[in-house]
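What follows is a pair of complexes built around chain A, which joins chain B in one and chain C in the other.
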Partner chain A sequence: MSLVELVLTVVKILIIVMFFLNMAALSTWADRRQGAMVQDRVGPNRAVVPLPNMVARGIVLLPPALFGVLSIFTSLGEVTGRLALERTTVNVQLAIFVTWLSLLVLCAKVRSGGAINRAERVFEDVDPRSIFFAGLGVHALGLVAMRFVTPQGAPMAAKITGFVLGAIFLIVGFYATSRVPEGPIPLRLAGTLHALADSIKMIWKEDFIPKNGDKVLHGLAPILTVFSAVVVAAVLPFGNDLCFADGNRNGTLDFSDLGNLVATVPATGQCTGFRVPLQIADLNVGILYVFAMTGTGIIGAAIAGWASDNKFALLGGLRAASQMVSYEVAMGLSLVGLFLVYSTVRMGEMSAWQGQHAWGIFVQPVGFFLFLAAVCAETKRVPFDQPEGESEIVAGYFLEYSGFKWGMFMTGEYIELVFSSALLVALFFGGYNLPFLHPDGLTVAFGDTVLFQYKMTHLAVSVISVLAFFGKTILVTWVQVFFRWTLPRFRYDQLMKLGWTKLLPLAIANMMVTAVIVVALRNAGPAAESWLKLLGDISQGLVAVLTLAGTVALVVGLLEPVERHKFLVTSSARFAAALGGVKPTAQEA
Partner chain B sequence: MEPLDRELDEGTLELPSEPMMLNMGPSHPAMHGTVRIVLELSGEMINKADVQIGYLHRAFEKMCERGTWTQVFPYIDRLNYVSPMLNNVAFALAVEKMLGVTVPERCQYYRVILGELARICDHMICSGAMCMELGAFTPFLYFARAREIIWEMFEEETGARVTHSFGRVGGMANAPTKFFKDMVRTSVPRVLELVAEGEKLLLKNRIFLDRLEGVGIMSKEDALALGWTGVCLRATGVPYDVRKAHPYMVYDRMQFEVPVGTTGDNYDRFMCRQEEIRQSARIIDQALAQMPDEGPINIDDPRIMLPQKNEVYSTIEATIQHFKIVMEGIKVPAGECYSYTEAGNGELGFYMVSDGSGTPYRIRIRPPCFATTQGLQQLITGLMIPDVVPTFGSLNMIGGECDH
Partner chain C sequence: MAKRTFGTNPWTKPGSTSAPPTKVIARPRRTAEVQAYLPEFFRGMAVTMKHFFKNTKEMVLGQKPDPVIESLNDGVTTISYPEERRPYAERFRGLHRLTLRDDASPRCVACLCCSTACPAQCIHIEAGEYEEGDPRRGYERYPKTFVIDELRCVFCGFCVEACPCDAIRMDTGMHATPYDSREQFIYRKDLLMEFTGRDGSRKTANTRHEPGDPTHPGLTREQGEH
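What follows is the complex of A and B.
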């Protein structure tokens, strides 16, 4: 392994580890926050960092100023061809985005704190929703306007829009800085700091080890749990393969080549230069490595239960061990159908296949649900949380843990949650692919009929693919957090029965049916192949339409004004109102 | 090398196994902090269970002998702290039985309405807490929301959300507020709506049904032998409800059904509670329609009721009367009596002895929970640890009245 490969691997590891740790902290926060929200309170929001005024102003000013200067500076250079068009598009869209977002923030500020000059007074009566919708409209207009930019005019347009974008950034930055109030500024970040504060607190809490417990194993168990949760991420492909040209023509990839990202790649993703996969280790055992490593997580839970010298913990450890061993079988077998379809176990190739054909959830719907159930059981989350079932065996296998060791168990659990979401994305939700986005750009085609084509550079496609992967993972994580608050948990024997008598036979049946279909289709000839291609394209279209509809529904739902009507005001509420206070009354619903 | 086919006695191959003793409670999330169950386990199966109560013992009966009859009310509140109003009414009725007086009709309706509201609250919290202990948090929040509405009504009527101490011998502490009827008429449908919403999350959920159906079965005969009453008895199929069997106050004028179960398992207990909520709402509806808008709330007897405050300050007779009732208590004629009503969990009885002074000579309570908790051991033996949670939850054991 050459030095440059080593450096690249370290960078990739950093990206993955930072993402997983941050997402673990954020999902801890989201879990507690959602729990708080269903209980109608604000949730953990007390951690606060008082920033000195100068620092606060610096934080507000620096990023926009930096971006503004950067934008103006990059616009000074000459760009031509497709790059110019792309840059113009990005500039226009960014400028619109920054404008409406700043107006939105300003509007919220004016409505809560009052206007300080005549210009701001305009916003007093403006509904923030209208700013948002107007912003969306202008975005669409901007896209339409790009049609009128001719290839000859593109370099000039890129330059002008770059300057405009820079100016907007600078204006927003300086105006926002002038709006920062005097005195120290409390920084809360919507309560996300609370997770950080908690993890710092855990370091100093007493590390309790039961008197008759096994001290070595007691310490080893949380390490094993976190270890297995983190290492599995090594095989996740989190973006398109990058393609570098050999600049100095010496036949090896070295640091000078890292600047030579090829401009475009063909639709098949073929790379003539050096291919750098966005995946820490492209193992040929692929997904099997994941199974092997999650298997070691069991040992951590079992050891923790044993070493704690507590009967509840022992029961928890036993439950964890038997549950995870049972569901490991179903989890593995539920994916065999997928291997047959993809004809590979390498994660990178699986993602690439889904980009070219159809997403895994369409080719293996049964396998998806089986795998989802099994993976929920593996991560020990509701309704499969018997190992910790707090109303039965108190906290199960980590009952006797405190301080940082407890924190490691919790972090491990949430990393597993994020990882399982990432795995679901990589296997069933198209990995880093977006519908109709091919390595050479956007091509909306059904079968051989091309409806729309938009060529993009390799850089743009790669950036979008990385964002798509992480975005999808965040979405799936959020959905998994959502499950938690509604479902009751299984009983231990019901769980076992589900695993062995339902999931396992279904997984085997799914495997056999898939095998028959795959063999039949492989021998069916070219006509069937083109039909399959068309079906795949339709599934991609379906995803695109559903995503758009879902986004619109979500936005509309979130922006819907909440109407609460008071149908009864009690005396205590009236007294509180007379004194100038508010009694939050349940009669308001 | 040893030969592989060595003859081995089957008995020596078995690992030695002895049952594991496990202390569940009293500080255990599902034990409400008030019960301890010593379990003898084989794996997760419960071979033997020893239910030990008494962790909330506060010498309630002895305390009652230390003050006047009226001063018992705050203790009564804390018997079944989930539905204190029913206890209040029960105790007031018991003392009135000793005195041989009946409160005015308006007060009887008032007591019925408040009592039924408390019953709704009691059943909702029992069902909700059971779901929460099974891991389903969201339905509990629907029920808690509905309870909040009822508590707001109690706060409006009595000034206190939980421990009202609102009952008085011979009436209530206050007349209904001006908007009492409107308030109840608007709020009860909303409560039922929330209950239905919470149920929707549960009753179509396979996991929830699997956890309840066929778990913790109690036969009719055993339930009667154990002295069970209330929802737990009715779930086994015995339609015994004090309100129907021995109507008190104005319950004989009300149209309502007594829901009964068939198997007496957790599911039946849950469903009986849910149905009783709806029946209580029916009773409230009828009582509201029949309750007169005008008329006295308290009986007109200066030996029992405190005089008006303005008279206490202006006339010597009222001052003396006030002094005597407060300092010596209401003179209850010597004798014994057993009075019983239908409380949240079943038949709540008071056996009282008076020596003719203003202080109870002896008060003995017959809490419904005490009898139902006796059956817990029988219910959970042979089940698994996770089954303890819904079984114990559906019995709705309340430490305050059980540990008397």
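What follows is the complex of A and C.
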């Protein structure tokens, strides 16, 4: 392993670890917040840092100023060809986006706090909704307008749009800074500071060890839990393989080559230079490594229960151990069908397969639900949280833990949550792939009929793929958090019955049926293959259309005014309403 | 299976043998759909998400006041505790303090009334004599040590009522403070003398005539010797 590979690996580890740790902290917040939002409360919001006014102004000014200056500086250089076109598109869209967002914020500010000058008075009567829809329209217009940019005019267009973008950034930054109110600004960040406050608190709390507990094992258990939760992420592919050209033609990848990211790669993703997978370790055992490492998490929970010298903790540890061992079986077997279809256990190849054919959830729907149930049980979260069932055994295996050791169990649980989401994404939701996005750009094709094609650079595709992977992971985490606020806990015998008599037989049946179908299709000839290709493309189209429809429905639904119905339940309320009512609006009732 | 009969219990009054009217409660339906769990799972998720989006929408659109801002409004019973404090009643019994005289010595004469009155037995006083030549010698003693275990204290205020000199008061306005060790709850004389009342004063409002003071109504040393 050369030095440059070592450095790249360290960078990749940093990206993954930072993502998982930050997401763990954020999801502890999101968990409470979402649960509260369901019940029409906001959840944790008390953590506050009073920012000195100058610091607040600096925070408001710095990013836009930085982006503005950066945009102007990058526009000073010469760009040609497709890069110029892409840069123009990005500049135009970003400029529209920034203007749009700032106008929305300004409008909301004016409507809530009042106008301070003549320009702002314009916004007093404007509905923010109309600004929103107008912005969407301008975005679309911007895309259409790109059709009129000729390849010869592209470099000049990139330059001009870059300057305009920079100017917009600077104007927005300075105006926003001038509108920062006087005095210290309370920084709440929607309650996310609670995770930070909690971690500070946990560091300083007393580290209590039971008198008759096992001191060494008591300390070892949380380490084992966090270790197994973090280390599994090593095989997650979080983006397209990067392809670097051999700039100095010495046959090895060195630091000077890192600037030579190839401009484009063919649709097959072939790389003539050096291929750098965005994956910490491309192990040939792939997913089996994940199973092996999550298996060690059991030891952490069991040891914690044992070392605490507490009946409830021991019961929790026992429950955790038996539950995780039971579901490990179902979890492994539910994926065998997937291995048969993908004909590999390497995570990178699995993601690539899904990009070329169809997402895992379409080829293995039964396997998906089995795996989802098993992986929920593995993370020991509701509805499978008997190991820490508060109503029965106080807090389960980490009952006797306090301070940062307890924090490590909690962090481990949330890292497992995020990791299980990442695993679901990598195995069933196409990994880093987006529908119709191939290494050479966007190609909407069904079978051999190409409907639409848009070539993109390797850099753009790679960035989009990384964003897609992390975005999907966040989305799946968000959905998984809702499990907790929806489902009641299983009873312990129900849990065991579900694992051994439902999931396990179903997984075996799924495996056998898949094997038969896979063998039948492999021997069916080229006609079946082309039909499968068409079906795969249709599934991709389905995902694209559903995502688009869902986004539009969400945005339109969120922007529609709320209609609140008054329910007059009691006779006295009806009497009061007949007299003209005592509460002016339903909100105050 | 034998039919259950009523009224055969020898421990109760002999009654009628007819069964009381029973209300038949249908067993929850356990159709294949329910047993499959997934449809119900999706239904439950839909309910949760519906509430989530509805509440998010009201908040985003500003149709409902932002609860974060709203909770800071006047008239809201929920207070933002560390930044805001609920005002205590005028006669709120807070942590103790020892009131001082003009020369910054404690008013306490170590009569042990407070520690006797204390139902929690949390006050410990060791009395000491003033030195020879001190004008107060012979009139009164002073506390060599004055210790209150605030962890044992039940804040009944009996000590304040028992004190003949108004030397111990509970008008600091401070509520019991959390500490991380029991030792820190032991308040000694120096600390108790440092606390001020809610008006910021270390003295008492009930002025007292000092020995030697011409307005002192009690016995003087000379009269005492007679």
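Heads up, the rule we're going with is that the second predicted complex is superposed on the first by the 559 of 589 C-alpha atoms of A that agree within 3 Å, B and C clash if a C-alpha of one lies under 4 Å from a C-alpha of the other, contacts with A are read in each partner's own complex, and residues count from 1 in each chain.
In the analysis below, a contact is a pair of C-beta atoms (placed from the backbone, for glycine too) under 8 Å apart; a residue touches a chain by one contact, two chains touch by 3 or more.
This one's a predicted model, so the numbers in the text were calculated from it and none came from an experiment.
Peer 1: Have a look at where A:Ser112 lands relative to chain B and chain C in the superposition and call it first, second, both or neither.
Peer 2: second
Peer 1: Going by the contact rule stated at the top, is it chain B or chain C that touches a larger number of residues on chain A?
Peer 2: Between chain B and chain C, the winner on chain A residue contacts is B.
Peer 1: When the two structures are overlaid on chain A, which partner does A:Leu559 contact: first (chain B), second (chain C), both, or neither?
Peer 2: It touches chain C, and chain B stays clear.
Peer 1: Check the residue A:Leu315 against both partner chains and state whether it touches chain B (first), chain C (second), both, or neither.
Peer 2: first
Peer 1: Touch check for A:Phe369: first (chain B), second (chain C), both, or neither?
Peer 2: Only chain C; A:Phe369 stays clear of chain B.
Peer 1: Of the two partner chains, chain B (first) and chain C (second), which one does A:Ile393 touch, if any: first, second, both, or neither?
Peer 2: A:Ile393 sits against chain B, while chain C stays out of touch.
Peer 1: Kindly classify A:Asp385 by the partners it touches after superposition: chain B alone (first), chain C alone (second), both, or neither?
Peer 2: Only chain B; A:Asp385 stays clear of chain C.
Peer 1: Would you sort A:Thr486 into first (chain B), second (chain C), both or neither based on which partner it touches?
Peer 2: Touch partners of A:Thr486: chain B and chain C.
Peer 1: So which bits of chain A does chain B touch that chain C touches too?
Peer 2: 38-39, 485-487, 587
Peer 1: Under the definition above, what is the set of chain A residues touching chain C in their complex?
Peer 2: Against chain C, chain A makes touches at 34, 37-42, 45-46, 48, 108, 112, 188, 206, 369, 482-483, 485-487, 554, 557-562, 587.
Peer 1: Which residues of chain B touch chain A in their complex?
Peer 2: Interface residues on chain B, with respect to chain A: 20, 22, 28-30, 44, 131-138, 141, 145, 148-149, 152-153, 155-156, 177, 183, 186-187, 190, 201-202, 205, 207-208, 210-211, 384-389.
Peer 1: Please name which positions on chain A make contact with chain B in the complex.
Peer 2: 35, 38-39, 311-312, 315, 382-383, 385-386, 389-394, 485-494, 567-568, 570-572, 585-587, 589
Peer 1: Going by the contact rule at the top, pick out the chain C residues touching chain A in the complex.
Peer 2: Listed in rising order, the residues of chain C that touch chain A are 38, 41, 44-45, 47-49, 51-65, 67-68, 71, 80-81, 83, 180.
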